[in-house]
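Look at the two complexes coming up: chain A is in both, with chain B in one and chain C in the other.
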Partner chain A sequence: MRVKREHFRSPKDLPVVEYVTPGSPLCAGCGGLTTLRLMHKVLGENVVVVNAAGCMTLMAVYPFTPLKSSWLYTTMGSAAAGAQGVRDALDVLIERGKLDAADDLQVLVLAGDGSTYDMGLSATSGAIHRGLNFWYLCYDNQAYGNTGFQMSAASPLGSRTATSHSGAVQRRKDIFELWRAQRPPYVATVSSHDAVDLAEKVERARGLNGPKLFLSLAVCPTGWGFDPELSDEIAKLAIETGVWPLKEAVDGAVRHTYVPNRFRPVEEYLRPQHRFAHLFEPQRDEELLTRIQQNVDDYWAPVLAEPVANA
Partner chain B sequence: MSRQLLTGNAAAAWGARLADVDYIPAFPITPQTEIIETLAAWSQAGELPGRFVTFDGEHSMLTAAGAAAAAGARTFTATSSQGLLFGMESLYTISGWRVPLVLVNVSRGLSAPITLGPDHNDVLAARDAGFVQIHAETCQEVLDSILMGYRIAEDRRVSVPVLVNLDGFYLSFTREPVDVPDEAAVREFLPPFDFEHLGFRASRPIAQGVAVLEGATYSHFRYQMHRAIQNAAAVHAEATVEFSRLFGRSYAAIEQYRVEDADTVLVMAGSFAAKGKAAVDQWRADGRRVGLLRLRVVRPFPAAELAAALSGRRAVGVIDQNLSPGVGGIFCQELAAALYSVPDRPPVLRSFVTGLGGKDISQSEFDHVLSVLDAAQSGDPVTDTELLMTAAEWQQVQGRLASARRPVEDNAPLPTDSDDVRAAVRAEFEDARGGVS
Partner chain C sequence: MIRIRFHGRGGHGVKTASRILGTAAFLAGFETQDSPVYGAERRGAAVTAFARISETPIRERGMIAQPDLIVLADDTLLNDPAAGVLVGQETASAIFLNAADPAPLVAQYHIAPPARAFDVTARTRELLGRPSALSAGVASAAAKLCGCITEANLEAAVREEFSHLAVSPDAVTKNVEIALSVFAALEPAVLSDVPRAATAEMARVPYVDPVLGASTVYNSGNAEQRHTGAWRVERPVIDAGLCTRCGLCFVECPDGAMSLDATGLPLVDYDHCKGCMICSHVCPVDAITHQPETAAW
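The block that comes next holds the complex of A and B.
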């Protein structure tokens, strides 16, 4: 099941223009970079990216930037507050006639899961609370990637990181629900695999005044341990197994924008990734694999029981 | 101009108001809160055209302040103590962005143990953060320094944030007569912020705060900040001339009080310098040749001015209202470095620490300082910082320690205060020190 598309029917309908130009120092196959590139296409050129410490911080290394838009690196814990400062300044300068309204910009926070789920949560929660009119893109690669892939609050159950050698024992924080609990006008999950779904969501959110929060599964060849050429396949498997639900919440009301007709076994997503290899070798961890599958099934059971709206 | 009775906090709020700031990110903390409450009230009454926004903490507040300044807004914010430390990462970040704004810190001792009274350990923790740092002695100086602060920060030769410090309680909550200048005169001193070189705008994309991964290039940018703050010395001096012309008040980097023929000089900062001046007056009445230097501009450190002012004196006593554990008083260290290459430097330089956590400084402590300086000779062995406390205070401390140790059922009255036996107390200090070593 796929929701009706309102603005873009196929990837061919997406804007051709690029605002993230080739030549960044990020890893090959980075799902986060693809997401940013796609999101920026739809947002247009007049953007200031407010960045929190993470992989993407290395996109702009003096004296180069791959972005045609503006950039402000802040700290790991306060990018949303930086966005507030920029947004408020633009507003007040335009109000007071000190800046031409044509010079206005959209403010986009760009932060990884380490910042988003952990250190930056207070600043982001504050910005949502104040109803800040801004965009937020979390490229969630499920660990502290830039420092060598240590466990974060986004690391999924069983995943191996540099600080969870035998696999994370906790479940991920549900940041989508944490955000949604504050009832911002728009929250969505997106994936680098589904460019049209992503573009649709950006376009649907565009007219909403307030926080517009996007959580992207940032497939990560370097940290997850797979060949970069498999990036899109892994991103697709995350969706088709139900591990990564595509959904949105407008003023808190959730709808899934894609529901697989037939869910593939979670194992198909886990097996190609080195971070889950210990679940299969030297012997199968049947108990943990069952739990991971069960968690996915438990998530979807109430969703599938609902009558499909807007299908 | 109007003359009003204002607390130090209200004077700070007036400084921001007269500077016609565009943006005020805020977070409450004792003893600063009155500043943001005053600004919030004005904002909500429509008397303040700038935008007032409360944050989830000082780290966010200071990031937003810097980001707004980077976007071209004239920005004011204020904090104190733990808040300054909580925002420390942001302090370094926004000074590195080379954006002008004014941050008021209302000094308060640091945790642990948590306390409320003032000392300078909070503001001096930020001494290396890349801010120009000005310490005010009076409520008038708080207001004036904020206006001067914007002029200095926004000067292209400087373009770093300015921190204006006032002491909690002693200044923040003390009302003094303050001349509140007319807006028109302030506009002449401080024209609207020309942010043409800054700002995020659609017509001119810019990458700010980008990573610099080569050590040499990084060193270059850090050294640029050093040069910028050094430039602030001349810009401050220029601003002083203009300020004096318009408002009739003048502020040098260091204030020299009755030093003209002094053989002995005290060095202090902040509102407690007023107490030092009173002590100087008393000694002068007794025929002693003693003066006082008050450090007003702390960054850039006025090394040359201090060297010139202290050259040829016999003895200098630095009374630090701060303590760097393992070193002693911070200003004494910095002053010693400034004096090192002065040929006629004072042969006696002694470090005293007092006024921590709002502890008052009494005349008896000043008298003790003078007696130590009188007795000290060139070539004395190196001495540690001396912690000052009156006998009565020592008794109070002993009483508290005894209470803390005492079982609850043994609720005997505390020892009564006594104002004698300074010598006995000092002996106890010496014993305690000896016991440690």
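The block that comes next holds the complex of A and C.
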């Protein structure tokens, strides 16, 4: 089941113009880069990216940047605070007549899951609380990828990272719900696999004043351990198994934008990834596999029980 | 002291190769040191790793500019001046080339040190079914050329290093097999201890006001000047006749290294395409095929 789309119907409807050029040093097959590129297409050129330290800071290595927009680099903990400063500066310039309102920039925080779920959460929470008018894109590759793939609060149960050698024993934080609890005007999950869904959500959020928060599953060939060619396939499996629900919350009201007609077993998503290899070899960890499947089933049970809410 | 410098691309496993060599030399009773260069670049980009092997404690640190052995996992790097494969080749006693026949490369790139060669990629593909993950074979070549490491040391080191990587027992066995076949096929290098130039004085960097000293990029979108096309091991080739102009490959290319012509036909920007091959995988009509990147573009 897919919700009706008002602005974009097919990949052909997406803007052809690029605001992120090729030539960046990011890994081949980076799902986070795909998401940023697509989101930027819809946002347009007048953007200032406030980038928390992480994989994406390596996007721009002196003296090169792939961004046709502006870019400011902050610590992992302070991107949302940086966004406040930039937004305030722009507002002051407009108020004093030094910047034409037509040349205003949209402020976009770009942060990984380490920053989003861990170090930068307090600054983001503060910005949401103040109703800061900004965009936030979290490229969630479920670990500290930039420094060698250490566990973060986004690392899923059972996943192997550099600091969880036999698999994470914790469940990941539900950052969507943490954000939503503060009732910002717009919160959404997106995926590089569904470019049209992503573009539609950016367009839907455009007119809203306040925090517009996007959480993207950033498939990561390097950290998750799969061939880069499979990036889109893994992103697709995350959606089709129900591991990565596509949804949005406008003023707190949740709506799923895609619900698989028939959910594929979670195993199909886990098995191709090296970070889950220990669940299958040398012998199957039936207990953990059952728990992971159960967690997904438990998530969807109440969603599927609502008959028309998602139509 | 033997100084070994490895060159490869992210994903080839040259960092692991330097670790295997270091561990093997340690097991053989030597003082050892191994380290990779962590640059800003990633999977597919040029990667360098170093190892030092000595009978006495090693005081030397840092990158190796004057190697005794150069070990090259991917000959397309010879085309990339920034990779610096042949830097310091005057002092090198041998160079290992991952190729079936070193002669054309030696002639084309004016390689000075005696070349030894073995097609590690072919052997790896044969046993592991994929052309990357060259660490065991490349480490083995280095170990044999050093001349001071036994087959038993090498095998133990491969097992030790792979135990940290959580690969299946079957993959470990196959990597050992690759290592031993490379080891058996090569002869030790004749190492000559060329005297090294004195280490330079440590440079003092003057204090600069942060306003002036901070690295600010005034251009926008200038990363296009950097040609990441050399990262590819395979290139996507589009069959215009089969293509339905659906645009999926254009949308899903992470790097935006795909454009559409007036008719909607996608065109690959080979100067920048990193060869992830997502385009080929998402194509609904299989109009995009893989073509091995035999020579550098």
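To be clear about the criterion, the second predicted complex is superposed on the first by the 309 of 311 C-alpha atoms of A that agree within 3 Å, B and C clash if a C-alpha of one lies under 4 Å from a C-alpha of the other, contacts with A are read in each partner's own complex, and residues count from 1 in each chain.
Keep in mind that, in the parts below, a contact is a pair of C-beta atoms (placed from the backbone, for glycine too) under 8 Å apart; a residue touches a chain by one contact, two chains touch by 3 or more.
Because the structure is a prediction, the values reported are computed rather than measured.
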item	value
Which of chain B and chain C A:R96 touches, first, second, both or neither	first
Partner chain(s) touched by A:N46 [first = chain B, second = chain C, both, neither]	first
Which superposed partner A:S24 touches (first chain B, second chain C, both, neither)	second
Partner chain in contact with A:L289 - chain B first, chain C second, else both or neither	neither
Which superposed partner A:S122 touches (first chain B, second chain C, both, neither)	first
First (chain B), second (chain C), both or neither touched by A:I234	neither
Touched partner set for A:L217, first chain B, second chain C, both or neither	neither
Contacts of A:R130 with chain B and chain C, given as first, second, both or neither	first
First (chain B), second (chain C), both or neither touched by A:T65	both
Where chain A meets both chain C and chain B, residue numbers	58, 60-62, 65, 67-71
Interfacial residue positions of chain C with respect to chain A in the complex	10-11, 40-45, 130, 166, 168-169, 215, 217, 219-228, 231, 246-248, 250-257, 259-260, 264, 269, 271-278, 280-282
Residue ranges of chain A in contact with chain B within the complex	45-46, 48, 50, 57-58, 60-62, 65, 67-75, 77-86, 88-93, 96, 98-100, 102-105, 122-123, 125-126, 129-130
Interfacial residue positions of chain A with respect to chain C in the complex	10-12, 14, 16, 18-31, 33-34, 37-38, 58-71, 160, 165, 192, 195, 221-222, 227-233, 274, 277-278, 281-282
Residues of chain B touching chain A in the complex	22-23, 25, 49-51, 53, 55-57, 59-61, 63-73, 75, 89-90, 93, 192, 195, 199-213, 217
